[in-house]
Amino acid sequence: MLNVGLLGAGRIAGVHARTITAHPGSQLAAVSDHFPEYAEKLAAEYGATARTTDEVLADPSINAVLIATSTDTHSDLIEAATAAGKAVLCEKPVDLSLDRARACQRAVRLTGQPVMIGFNRRFDPNFGAMKAALNAGEIGKAEMLSITSFDPAPPPLAYVKVSGGIFRDMMIHDFDMANFLMGEAPESVAAAGSSLVDPGIGEAGDVDTAIVTLRYADGRLAVIRNSRRAAYGYDQRVELLGSEGMLQAENVLENTVVKSSAAGVTGAKPTYFFLERYMPAFTAEWSAFVDAVGAGTDLPVTLDDGVTALAMAEAATRSHQAGAPVKLSDI
Amino acid sequence: MLNVGLLGAGRIAGVHARTITAHPGSQLAAVSDHFPEYAEKLAAEYGATARTTDEVLADPSINAVLIATSTDTHSDLIEAATAAGKAVLCEKPVDLSLDRARACQRAVRLTGQPVMIGFNRRFDPNFGAMKAALNAGEIGKAEMLSITSFDPAPPPLAYVKVSGGIFRDMMIHDFDMANFLMGEAPESVAAAGSSLVDPGIGEAGDVDTAIVTLRYADGRLAVIRNSRRAAYGYDQRVELLGSEGMLQAENVLENTVVKSSAAGVTGAKPTYFFLERYMPAFTAEWSAFVDAVGAGTDLPVTLDDGVTALAMAEAATRSHQAGAPVKLSDI
Amino acid sequence: MLNVGLLGAGRIAGVHARTITAHPGSQLAAVSDHFPEYAEKLAAEYGATARTTDEVLADPSINAVLIATSTDTHSDLIEAATAAGKAVLCEKPVDLSLDRARACQRAVRLTGQPVMIGFNRRFDPNFGAMKAALNAGEIGKAEMLSITSFDPAPPPLAYVKVSGGIFRDMMIHDFDMANFLMGEAPESVAAAGSSLVDPGIGEAGDVDTAIVTLRYADGRLAVIRNSRRAAYGYDQRVELLGSEGMLQAENVLENTVVKSSAAGVTGAKPTYFFLERYMPAFTAEWSAFVDAVGAGTDLPVTLDDGVTALAMAEAATRSHQAGAPVKLSDI
Amino acid sequence: MLNVGLLGAGRIAGVHARTITAHPGSQLAAVSDHFPEYAEKLAAEYGATARTTDEVLADPSINAVLIATSTDTHSDLIEAATAAGKAVLCEKPVDLSLDRARACQRAVRLTGQPVMIGFNRRFDPNFGAMKAALNAGEIGKAEMLSITSFDPAPPPLAYVKVSGGIFRDMMIHDFDMANFLMGEAPESVAAAGSSLVDPGIGEAGDVDTAIVTLRYADGRLAVIRNSRRAAYGYDQRVELLGSEGMLQAENVLENTVVKSSAAGVTGAKPTYFFLERYMPAFTAEWSAFVDAVGAGTDLPVTLDDGVTALAMAEAATRSHQAGAPVKLSDI
């Protein structure tokens, strides 16, 4: 049984609190937050106790910690929690600074504690079925990957300004998905980006529309498209061309109803945003964490995966600034 | 080379004139019509000559006749044309009177001339692919057939009144499709019908919405749904459940464009009506006729098929009136 | 808070135990079963106590009972539970005997207790969206309904023999769906059925393949197709033609992955059977029951609905035997 | 009436011969080819006469010329034909050399004769519907375009070696499609390519798998994906994200039949290659040419369009070689 301390009490922490509680192999022991009243509210809802983060980390009965705090605290908390002997599941990204993330990586290695990064999309059943079909050889050798990842609407400008930019904040999920499906990191990254959705995003030095091309050592190619706005909802599709065929993971729709009328044949939109689309993935992610920590086996997503995706985001950011491809080995 | 006389110069005759002309194995020699000016116009358009029907039938250089006149003339013209030694392709139905159609059937048999009835849907490439998959054993043994056949809008009441009713006029195509796919005629027919689309249709003694269930000697079942109105266009789908799977022939759409917006995900409507949907079928139908007559082989659809479908329409009409199933052997 | 006694500890009872426990407005107090060891096992799993049915009904702290026992006990238990002042949710059907069900209906009326019948499909989000679109006038007036309902594989013959036949056991769900969508019961029922899947089902006096046509007082029509076997899984589709368009609720698929290869373009199958397909419906059904009982408002599905669907099943059974339509008012 | 000389008698010339003949506003007068016997064969098939190219150009009764010869002759023939006062429809590309194409462009301008380049995809009804929806404002302002264009199988190496490379030979169609939909040429082009399908293509200095990113002056972005191999057939899709929605033009399928079985739900493949997929486009292209030349109005695709697409291909080739984006203004 995992006795879990939840660091953070915001929206995504709430999702995790439910998932931790529902899993037969874990229980929510404590919740901490920068704002204690939030921790108290969430703890009360799930029969846990509100504590300070230090108390959570000092409690020897707590053997796992889920970090769902703001990004700037991730590295410190990962280090502190592993130093305290906890197994860790931390939301992405590891850090906005690649250097800091790498320092964290080194520190964690010394502790030998398992750290998983919350790339929840790896646990989406559709992408999982895609990966399984690829591994089963159903399309031969993978050659060209295409990831479409559009948010329904841009976040507030205040968020954008501290987000680290679209590549570190949004596309990092897609970088990890590319690594998951292609089985390795690319050799180089070429980014093109524009501010088309909200001029304020451009004024903040960020972009809201981006296309990134990845090249792998053996010549395979991938392209990732991001937009901060899709009027029809959350667009999350993956397409992989192989030597013997193609796999596509299509969007999950709100329902299966189709209306035919004089105006055309209309079906439901994709589920609105990540909480709707990836709820099964959050559940499966936690289950995989509980299983691996319980059995002492390798975690399905590691801190190294988090650092690699962050390096790709860094490369994309530099490529966008320089207007030229960037080698990952130069990052 | 088939030297063809076209009897009739209406809309469907125009379709046939084009098909006859475009086929390398046939040429349009003459056109006749009740209204000579219509014949002259159509003949001029395709470089043929306008003649009377008697002249066409008396011309020994004309070896095939396509009958596209009004239904009440079909039987007489089939008899006259076969007596004159012509090969015949006649639009459906053979006649509104089953007795008259059977008399025609007997008369034709004495001539030994080939007569094909224009059940063009058998030549639709989608239904053809379905039949081929069935014959290839892809769904095992056929068990339950479902035919959906909705017109976009009801015909004028004046037409309805002389049409012979929905079962003889509209569903007769679906009866033939059932025979085509199930490989035999059913044992019994049970019809339910209502006038929901246009009260005038009900006042004329006809229905505009109907469900007919067919039972085969070996217990297999089929259901045909007809409506005289579908706001989204011409709905022509077939679904066949077998012991090892199901085949569905979906509608042909106007184009492949899909729009995703806040209002949903909208694709194109089905092609509007039979001229749009079945144009490839008209072409393939004529080609099959030319090939079979040229080679002296069996026609793919025969006068017997036309009489069988008419008998099923008669059975459905009586079943609807009696409110009980009717055996085909009682017709 | 509903304090719930669960009568029955079989597979479907297990589903309900989970749903009852997960709902914030209900808790599982006790489980009973004909085989006490089953009750003990299920109760232990959810922190409830195993008791006899009599003990459950006699316990004044238990204010609601969920009946998930074998069909032949439903009527007795509904009567006993309502007499004991409990709110009741009972699995379908009310009884295999329409007379017994009607007697139960009368007995319950005297108690004034709320009784809901477990027609879970009304709570499927897809059918719910369809109903909402219909109610919103999106297709005008409903005219012709078509329900496709195929099981993936036939049940054991031993089950078939005590099931009451396909109309009472399987199609009863579809009868209720028709009532749900058409807003009333039909005037007459015409059934055709065959034993095509398993000869043993025919020898047991039942059919495994059936088509039933419903006619409504105002002329609207409906058709229900049932098969005990679909090689591709559980086929649960509804299609409703209206004066201004058509609504279709398509199958829920296992995942959204599509593979294109030399063999064609292949997507996932429908979810395998009712537990997979209707899990969200079971959850929503219980939630609706808890809400209505808690607020003292009308139940969304009533015992009357259960009796109506049973009467339709009775009519279909008689129609199949007589080979002619049967009026519901004659049942 | 256009009296047409067809230069070239290969496969694509055969398609044009049929289209010219079938159109009521044009007739095929003469055919020429480097191999006179090919010209004779094709001319005989369509009732035209075989001549030398010089004879065709010298014949004042011939007022239009369709150039379907090998690429290296296009510029010379366009110049000769326009100098002879003919209207010209020439297959793409104008030339493999951008300098030569530009010289041709200058020469043609002096003649004032209309020259259309055979970018047939602009006339595909699906892409046409997409463009119409965009122009109608259905998705607001275009922001990100994605073109998928995969051939079913690579051409022979001998062809690859003289093709000018994938960007000039294959992707040039997609460059024109981008110009068609985005309404202007891009500012810069960034290409990534690999030889994954056939090592021989790489040894010949070409690539068979490529991703090209286009950036427009106002920040809009586009990406084009090419592969010389798709095991499932010809993949021709376009997707356009706008400020208020997304448009997708999906593949045209061989038929509408869907098979559900234990192996999944399988539909037909895309039509195999360009002759199948774009036959309606070839017909519409010719019709647009006949209409514009007849009416003396602007051609829907011009020689300038051909030169622009060629410049983009040149930019992509250089970008691929340099490993960095290339400005179109530098070409």
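General observations
Should a chain be cited, it is by its letter among A, B, C and D, assigned in written order, with residues numbered from 1 in that chain.
Methods note: a residue touches a chain if its C-beta (ideal position, glycine included) is under 8 Å from a C-beta of that chain, and two chains touch if they have at least 3 such contacts.
Fair warning: this is a prediction, and the values are worked out from it, not measured in the lab.
The chain pair with more C-beta contacts between its two chains, of A-B and B-C, is B-C. Among the other chains, A has the CA centre that is most remote from the centre of chain B. One simple way to say how far apart two chains are is to compare their mean CA positions; for chain B and chain C this gives 41 Å. Between the CA-based centres of chain A and chain B the separation comes to 58 Å, rounded to the whole angstrom. In chain B, the residues touching two or more other chains are 139, 230-232, 235, 244-246, 259-262, 268. The touch graph of the protein chains shown is complete.
Across the complex, chain B meets chain C through its residues 139-140, 143-144, 146, 148, 150, 190, 192-197, 209-211, 213, 215, 219-221, 223, 225, 227, 229-232, 235, 241-246, 323-325.
Chain D contributes residues 230-232, 235, 253, 259-269 to its touches with chain C in the complex.
In the complex of the two chains, the chain A residues touching chain C come out as 22, 125-126, 129-130, 133, 138-139, 244-252, 254-262, 268.
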